[in-house]
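Each of the next two complexes has subunit A plus one other chain: subunit B in the first, subunit C in the second.
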Partner chain A sequence: MRDTERTGTVMPETAGDAAADEDRAEWGPLAALPGNPMMWLLIWSELAVFSLGLIGFAIAWILDPETFRQSQATLNRLAGGINTMVLVSSGFCAALAVEAQSRKQGNAARWWLAAASLLGLVFLVVKGMEYADKAAQGIGIDTNNFYTLYYLLTGFHALHVVLGIVILIIVGWRNSLENLETGAAFWHMVDLIWILLFPVVYLMR
Partner chain B sequence: MKYPTQKIALAYFAVAMALFAIQVLGGLLAGYVYVAPNFLSDILPFNIIRMLHTNSLIVWLLLGFFGATYYLIPEEAERDIESPMLAYLQLIILVIGTLGVVVTYVFDLFPGNWLLGKEGREFLEQPLWVKLGIVVAALIFLYNVTMTVLKGRKTAITNILLIGLWGIAIFFLFSLYNPGNLVLDKMYWWYVVHLWVEAVWELVLASILAFLMLKLTGVDREVIEKWVYSIVALALFTGLLGTGHHYYWIGTPGYWQWIGSVFSALEVAPFFAMVVFAFMMVWKGHRDHPNKAALLWSLGCAVLAFFGAGVWGFLHTLAPVNYYTHGTQITAAHGHLAFFGAYVSINLAIITYAMPHLLGREPYNQVLNMASFWVMSAGMAFMTFTLTFAGTIQTHLQRVLGEGYMDVQDQLPVFYWMRFGSGAVVVIGVLMFLYATFVPASAKTPQRASAAPAE
Partner chain C sequence: MHNPPSRKILITAWLTLLALTAGTMISGHVSGGDALGPAWIAALAAITLFKARIVLRDYLNLRAASGGWGRGFTAFLILLLGILALLFIIQGLRLLPT
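Our next item is the complex of A and B:
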């Protein structure tokens, strides 16, 4: 349905949309993706960064399995599991927001965005409690290679949750369908990275 | 040339090219000292020659950027430069500063003086008074071009160019901050050195390349703009945190090894995008522009920057590799091809494009200019391979087997001789370029007929 909107053929009354569609076509292969193409460039860059980080984590584990196994055992898997549920639910809310917006239900979309942001905040609170617990045990980013990577990967991810919430607020304010798709795409990327991080950093032995 | 004030670029390009000649002659001299270490050691020690070689490079590249800006801003903004008088004043300040630097270095004047003496940090050796002069010149420049753009048409090319130029000026301010703590000193030093060449200069490069592609290929501006935004986004995404690859061994916390390795490994991406961009535009383009030499330099810039900055940079950017290669001839190989490929080539491309317009001639001496591209590039590529082999052997003998630094150097002269030879070839290429650019062609020089009207 969205594709027909983009070609401009179903809405001849708006010349602005026709110009926007022409503008879109100049993105070449990126034009078919939902949301702003620049967001997809960012998403691929982020995926590349976290992939390299996880590859580095795997190599560091192979080089020093004993330290990594012992250190990993100190992580709070329950908190990580809860956060996984929280973030996936939040992603579902963002998807429902886009769905509502595509049915022109702007208010419902805003409520779903608020729910998604709120769950993002819950994630940050749980994450903060994990960090505080580690800090209380005297464990920091320089303790060993495992914790360096644990703090870098999860900390960098948490910063993206913060940025994601800001983006969701912005697209809730300027709530065109394209903006919502753009924001939701970023938010799903934050989800996806956590779904990769959680098993690799917390669970796999 | 559509706007009279574009003529300002001519003065900048002329000074830049004079410094270019001095820079490569200094390089040749330094290359000879490598094989004959006592040559001139009393009157012009190696460290001074090296300072002249690197400082004159940076100054002429900046002068080239300024000239390129004065040339392309009027065409993009569709109005004349705000104040030509200020533009020439800026050039005079920069020339006086440059002469002051050369005299201070060569005769070692005012050692230790807080205002007049050289300051000693690598690449930022300039005396304080010169640094302040550079800041004043930068302010004049930014006022002049920003006002021109604000009152005229705003395009993606000028927006990105201005962000890059403002970034150059802002990051230069860190050269004035010299904390006593050696770790902090190095940390802020890289704010100038790294964030110039691996962040904001890339914006200037992308912008000039986009302007050239627009003029030479005739592809729609909208298409070019999207490429440029993508390239710039990639450059900043990877380049800013990529600074971490200089923080491995200077005393900063260990996590920088991870941040630096991951982000700088991706710094190859914007350069790869530039190659795809340049070739796609030429492939899609419908304009047969008569200035083939400018097109050759533009494409050469994208390719050589990809290899020099991208591939040769990746070669030693990962912390576990850099642990062994740090500060060997591998670094010298990367530095030479990266600077030549990215920033020398883009300057020579815009100069090749602009000079026929500035001097009111048809594209002239195209064959000689294009030959100079191949001679310079071949010399530089050979130098890069030679130094890479020298660096590989040096890394193994010195860092893996643990031999003494000078014992290892004694085993490398064959490479240093070949580097000297390839340096001589580069100098010949530079002289060919200067002749082709500045000396008018004779009437019987064959011209290529242009099929489409050129801009």
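Our next item is the complex of A and C:
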């Protein structure tokens, strides 16, 4: 069995890679994670923030069930489901970009990153259509507590999608394997948060 | 550097995520307005847990990470989704005065 298959790690090929691996060792347990350890601190903190937001949403629902039930019924659940499929497909493209870069296929990696970014834009367009539909009905962030939490949670997530697209573009330009792993990790975190957010905000009732 | 998952693993993960998303939409009665019972809420939480684990294990490549990171994330997700499902089941059964 090759070392890479046994340990799940790729042996450093250059002095620079070896130095990077030495730097990683200073991160302690975080060094065992793929990509830049700093990104994993961000992933944990973002998960914590959105988790508290979702728990707050569920508690607010208990305090005012009728308002929340009626308001949730106005959401476009099908659009939310389609957007979930769009985002997991985008994550698939980002993961394929890392896989291509690990085989030194930089151009293929860039194409996969472009596909991931494009699907991210599709997600934003669908979300924008949802917001526009609500605005046309006179519904805004201050309509009631449900919509306040809905706009805060989904809007904050959409901002992460925008930032994620920018990060994917940057790591497509400076496309070392570690950069790609790190950028893709941010994108998968955005994906993971939506996977948690969609059933709670759109479906549970 | 970590060895990323193979294409075959990623394609399987992607197709499974699409199928589970369809399962989420069915369990959440996307086209219906009626309240979900405890069983559907539990199903939604369970499917969401599976989806999140696939993203962590295959997309985020936690399968290559040592030191119990995968188990740590899974424990966190079980706790979070358990709390959320419990809160929605409590409100659905009207166990608390409002």
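What we mean here is this: the second predicted complex is superposed on the first by the 191 of 205 C-alpha atoms of A that agree within 3 Å, B and C clash if a C-alpha of one lies under 4 Å from a C-alpha of the other, contacts with A are read in each partner's own complex, and residues count from 1 in each chain.
By definition in this document, a residue touches a chain if its C-beta (ideal position, glycine included) is under 8 Å from a C-beta of that chain, and two chains touch if they have at least 3 such contacts.
What you see is a predicted model, and the numbers here were worked out from it, not measured in a lab.
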Quick check on the subunit A-based superposition: subunit B and subunit C, clash or fit?
fit
Comparing the two partners subunit B and subunit C, which touches a greater set of residues in subunit A:
C
Give me the angle at the C-alpha centre of subunit A between the C-alpha centres of subunit B and subunit C, rounded to the nearest 10 degrees.
110
Could you look at A:Leu42 and tell me whether it touches subunit B, subunit C, both or neither (first, second, both, neither)?
first
Return first, second, both or neither, reflecting whether A:Phe92 touches subunit B, subunit C, both chains, or no partner chain.
second
After the superposition on A, what does A:Arg205 contact: first (subunit B), second (subunit C), both or neither?
second
In the superposed arrangement, does A:Ile62 touch subunit B (first), subunit C (second), both or neither?
second
For A:Leu196, select first, second, both or neither according to whether it touches subunit B, subunit C, the two together, or no partner.
second
On the A-aligned overlay, A:Thr148 touches which partner chain: subunit B = first, subunit C = second, or both, or neither?
first
Nearest Cα pair across subunit B and subunit C, whole Å
15
Overlap the subunit B and subunit C contact sets on subunit A and report the shared residues.
none
Along subunit A, where are the residues that touch subunit C in the complex?
4-5, 8-10, 12, 17, 21, 29, 32-35, 47, 51, 54-55, 58-59, 61-65, 69, 73, 77-78, 81, 84-85, 88-89, 91-92, 94-96, 98-99, 102, 177-178, 181, 184-185, 188-189, 191-192, 195-196, 198-200, 202-205
The residues of subunit B that touch subunit A in their complex are 220, 222-223, 226, 229-230, 233-234, 237-238, 253-255, 258-259, 261-263, 265-266, 269
What residues of subunit A sit close enough to touch subunit B in their complex?
23, 26-27, 37-38, 41-42, 45, 48-49, 52-53, 56, 141-142, 148-149, 151-152
Using the touch definition from the top, list the residues of subunit C that touch subunit A in their complex.
1-7, 10-11, 13-14, 17-18, 21-22, 24-25, 27-31, 33, 35-36, 41, 44-45, 47-48, 51-52, 55-56, 58-67, 69, 76, 80-81, 83-85, 87-88, 90-92, 94, 96, 98
